[in-house]
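In what comes next, subunit A is part of two complexes: it sits with subunit B in the first one and with subunit C in the second one.
Showing the complex of A and B:
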């Protein structure tokens, strides 16, 4: 019998597993991908310090290796059942059934599929990217930065809140991290292409975390990124592959057209499909944003309505790396309290 | 431009279109400005495709223009449309084929309303019965007539005499497609291909050999916009919208424009004359303007129908340059003959738009 089964091998799962192992518990991680690290694998740099994501990933890889954590890769969890004796039976895609005293959902999030905003032309116009696509391009960058059609960009636009605060796409909530990611990426583009004009079209700028507001100020004062308060209504392609944007400038109180060489859609975060499946299988309550509902928002954010099932990281909603790591550490303490009480 | 991305979107917006046995709901504007288009639609369905379609002389306007101009109350238009359904029911038919995009939008909107508010349907049944003693069934299938031509586009391609290909160069013609707002913008799932990247006309163009021009102002209003045109003081706004579209498509050198909305075909055609008179500009290379066709006219040309039977001489921008590009045979002398071979008056030529 293992003490804790952790679903998800991203930084939340890894941090929780390391902390629990250090507290003396036997843990197992199941990860659906072929490697650990989750979304961090696809990210180039992290806000607000522009630190390499690979460095953080390397830290967790090393910590995992030192503790010889047991990790099942390429493994999906199909269902979680709590038995009468309080032990959980976890069915996986490998025909392996785990029995454990507690479960930690560290299944994270998935990015909003920008194709759903048809009017933005993602996957139709070559020079429309998502924030995740841009991170991949930056991560693999060799030499000069060019747009997908091979042009050195002279004008670049970032669109905030794509699939966030958008009831039409079913996501009424704020994804919280896209604003600061756009600021970070806008600065990065100005560093790579100093001659380019960079625009950010935003609804509100939610610079909630330490260092975020400073970075926003730096983007304006040092890098001259232009922030336009207003939404994008539609995108079209010009004959040369550049893009025409129809945007609203609510401060100037007028609609306008922007011509750009590249458009970056700041895609929001949604609950992982797999989390919804687990939730159904074990009667976990979800909030109106479809993420797992915490038992107590203020003093029990790792607990759920099912005793013995805990959350770590973005399975409860959009969280930064900073917040995820802290939430994962607190998950370890919550599990510790539960297991001690079991004895 | 990634066609696969478009196809992905199209796959989400496919609709059921009845196979046969239609009640035909005509269009006020098209009957007046492009009467041969509706005749051609009936000819294609009956003679080329062997379908049963009932063209009912008792069918009237849907009053959509009045409704969108705040002249006709909503209950009134619902009752008028209920009468159309009664005529369809009396004819023993269940599928309605609607010629006008605004009517299509109205029928769709009203059916959707009745689905969500059944008490409204009951009220309208009562109104219609009191006024006419008629009763009705709601249609089982509702399609715009461009949907029907789209559905049978491959059958038409098999019978085609011409392709949308430049005879001299062998290159596909560059075709601007324009969808009426009321076709899919109100109910994207009711239009083939949805509202953002509609497939209904581009599907025809591609099946018949042409290439679709995707220009920046593709989605922009044709300029009609009801009140923009209906209120005379607003007509400058109407012209400026059309101008915006024409300027945007000009660099792509389109060979012609095809529309599925009566207003769109009319305004993109006739405002070219107005703009030529106002500013001395035309939007093709040679000063003839860009021909604007309805989808039935495009289908008729592909099928080898006589261009003058299709009524192309009634358009503002003349079509001979297009006919020559495709290699369509026509008799220039027969352009203004009536059906008995008598000479009709020949219109005066505009100052700046060549004929």
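Showing the complex of A and C:
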């Protein structure tokens, strides 16, 4: 019998698996994609240090290899059932049924689909990107940076809170990481295109973590990124493919227009569709933001309403790499306590 | 003589009723605008009067629309209204048959059996006929009792809540005909002048050996019920019985409800019978909002106790208006109240003068002027598709608000900001007429509605893109290729119920795929919940209403959910995984 089944092979799942393996438990990871590492695979650099995401990923690949973790790739979970004896029966897409003593949900998040905010023109206008698209572009960058239509950008705008703190788009909550990501990306763009004017349109700037505020300051003082407090209302395309933005400047108390060559939408984080689906199968409670609800906000953030099912990482809400790794470590301890009590 | 005194409650009640009606109707008609009065005078001796009489008969007495909604509900209303009407008519016929003359006191036909105990030629027939009519009405009365206990079998889930004045009137109405039956039966027991019904019930009175005093008491009870009902009538919902007829006549004479509240609005309010049909069709119940349906709002308008909360918490989807058996203009009545209630805000709109518009070139006048509107600018996919189709078809058009533009004014109108809306209307109207175009093309039904209702554009025809694109297809200017996709079409409120456009979008879509029909479509289609008509509805409430609408639309698992309104599209796109597309986008994709 497997001790722990971990759903998700991103950094949360890998960290939890490594820690539990070290504690002597038999673990299995189920990952729906063809590689481990989750969203980190798509990211170029990480805030606030601008360190390469690949470096972090390498670390986990190495740790995984050292411990020879059992990982099922291209496999997704269909349902989780808790039997009367407290053992979980986990049905997967591969016709494999796992029986395990405990389950860790490390299924993470998905990004907001910016097409749902049609007025921003994503997938309608070529030069509108999401923050994730920009990371991919930066990761695969060879030579000079250009916009999707092949222009060296002279003006770039970043729009904060796309699909976050926006009831109309269905998400009332703050994704908290997009602010600092935007500042990081803005600096990066300034480094690549020093001649470009870079704007950030924000509602509030939430620089909550160590080093974030410093980076924000640097963006203003060293890189002259211009921060405009106000939301974007709509985007139109000019004949040459550049974009015309209608934004509100709430500090100047007036509507204004911005002409830019590239627009980056800071898409928020949503609970993964798959998490929602299998949460239903085992009666797992979700919070009003649709992420998995933790049993105790302050002293039990790895536990859920179902005994034996634990969470690690962004399945409980938007978390940074820093927070994810810590949460995953503490998940290992929570599982350890549970399995010890079981014996 | 003394024993005939029981006619007094009836007679006094009737006189009171007539005086009140005379004053009220006189005032209302005198307060109509000069043009409206002229309309009445000019139409008085025309076919319109005949049409009004016919409609009064079909709706006021037969209750045809009620029948269409539910058979039993229709029968209940018909037996009371038409039965009573016939009882009065044949009461007079009975007097005429008996005396050979109609010049008699008005109470004689009402209390005929009390006053006439003698046989006359045709007496048996008349007595049986009158009994039959009484039975007809009584069947309606018993259904009415039953409706209060269980309204479900009448196809009504929720019935109106009664007010004290209505209870009084209702109680007296419910007493009239049972008392008439008892009184006539007592008389029949004493004098053998009844028909099949009253003679049968009379057997009971014979058995208890009824006395003339008891008989007199029952006639008093009948007369008092009538008198009380007549006095209550102008102060209760039963005022609708006669006001509805007045309303039907005025409507046929071409009088239209204005955005500003006037005496015609008042006539409409008093025409509401509070049947409660508008309650069940209201989607607000899904969000547990059950005090702001039209029947209550009209009652509040009548009593001058309408609160802003109730007035503004309505999506103005128009489902109640199209279901209303009386045909009251419920949406515009509500808007007129909003106009009355709202304060003018700072709307100088100085920016209008700085808007960039293409200058008019005399010899290069466009055929079509395209007004995208704010909502289409917020859904650039639609805008792009419309332009693509127009270019492909080689239409000579001008894009009126391509760069910047003014709002059409409909959102302000819905909010009751009449003056502000009027400024925008004036501004846009001038630009549209100046352009020299013969067709105004819109891609937003919200704009369409205000252009049609409030712009007065003269010869310029207004078309929604679904109508215009269908024309382009029919003229062979564009051709579409059909796919095997199944499409469900959602009727936007403002385009369907608002402007009556149901067929063109369906015909057009059928050229690109298979259009599936849904349980509630066309005139009964559900609102997407995104409405601009309600600014106080919370997002959570909107979401539950939307979920119910989507359940109906997606029941058959279509490949595409099509709509013809940018706001509906924006609303739905956040609730489903399947493709939500505007008809313009579907056409742009299907063009060959």
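Note that the second predicted complex is superposed on the first by the 343 of 343 C-alpha atoms of A that agree within 3 Å, B and C clash if a C-alpha of one lies under 4 Å from a C-alpha of the other, contacts with A are read in each partner's own complex, and residues count from 1 in each chain.
One rule holds in what follows: a residue touches a chain if its C-beta (ideal position, glycine included) is under 8 Å from a C-beta of that chain, and two chains touch if they have at least 3 such contacts.
None of these values were measured; they are calculated from a predicted model.
Enquirer: Based on the shared subunit A superposition, would you classify subunit B and subunit C as clashing or fitting together?
Expert: clash
Enquirer: Touching A:33 in the superposition: subunit B (first), subunit C (second), both, neither?
Expert: neither
Enquirer: After lining up the shared chain so the two structures overlap, which partner does A:124 touch, if you call subunit B first and subunit C second: first, second, both or neither?
Expert: both
Enquirer: So in the superposed three-chain picture, is A:167 touching just subunit B, just subunit C, both, or none of them (first/second/both/neither)?
Expert: So A:167 only meets subunit C here.
Enquirer: Please indicate which partner A:239 is in contact with in the superposed arrangement: first for subunit B, second for subunit C, both, or neither.
Expert: In the superposed model, A:239 contacts subunit B only, not subunit C.
Enquirer: Give the one stretch of subunit B, out of 4-12, 40-48 or 328-336, that collides with subunit C after superposing.
Expert: Looking at 4-12, 40-48 or 328-336, the stretch of subunit B that collides with subunit C is 4-12.
Enquirer: Let me check the overlay on chain A: which residues of subunit A are in contact with subunit B and also with subunit C?
Expert: 115, 118-119, 121, 124-125, 234, 236-237
Enquirer: Mind listing the subunit B positions that touch subunit A in their complex?
Expert: Of all residues in subunit B, those touching subunit A are 1-2, 4-6, 8-9, 194-197, 214-219, 251-252.
Enquirer: Spell out the residues on subunit C that touch subunit A in their complex, using ranges where they run on.
Expert: Touching subunit A from subunit C are residues 377-381, 384, 539, 543, 569-570, 573-575.
Enquirer: Quick check on the complex: what are the subunit A residues that touch subunit B?
Expert: Listed in rising order, the residues are 115, 118-119, 121-126, 234, 236-239, 244.
Enquirer: Show me the residue ranges of subunit A that touch subunit C in the complex, using the header's touch definition.
Expert: 115-116, 118-119, 121, 124-125, 167-170, 172, 233-237
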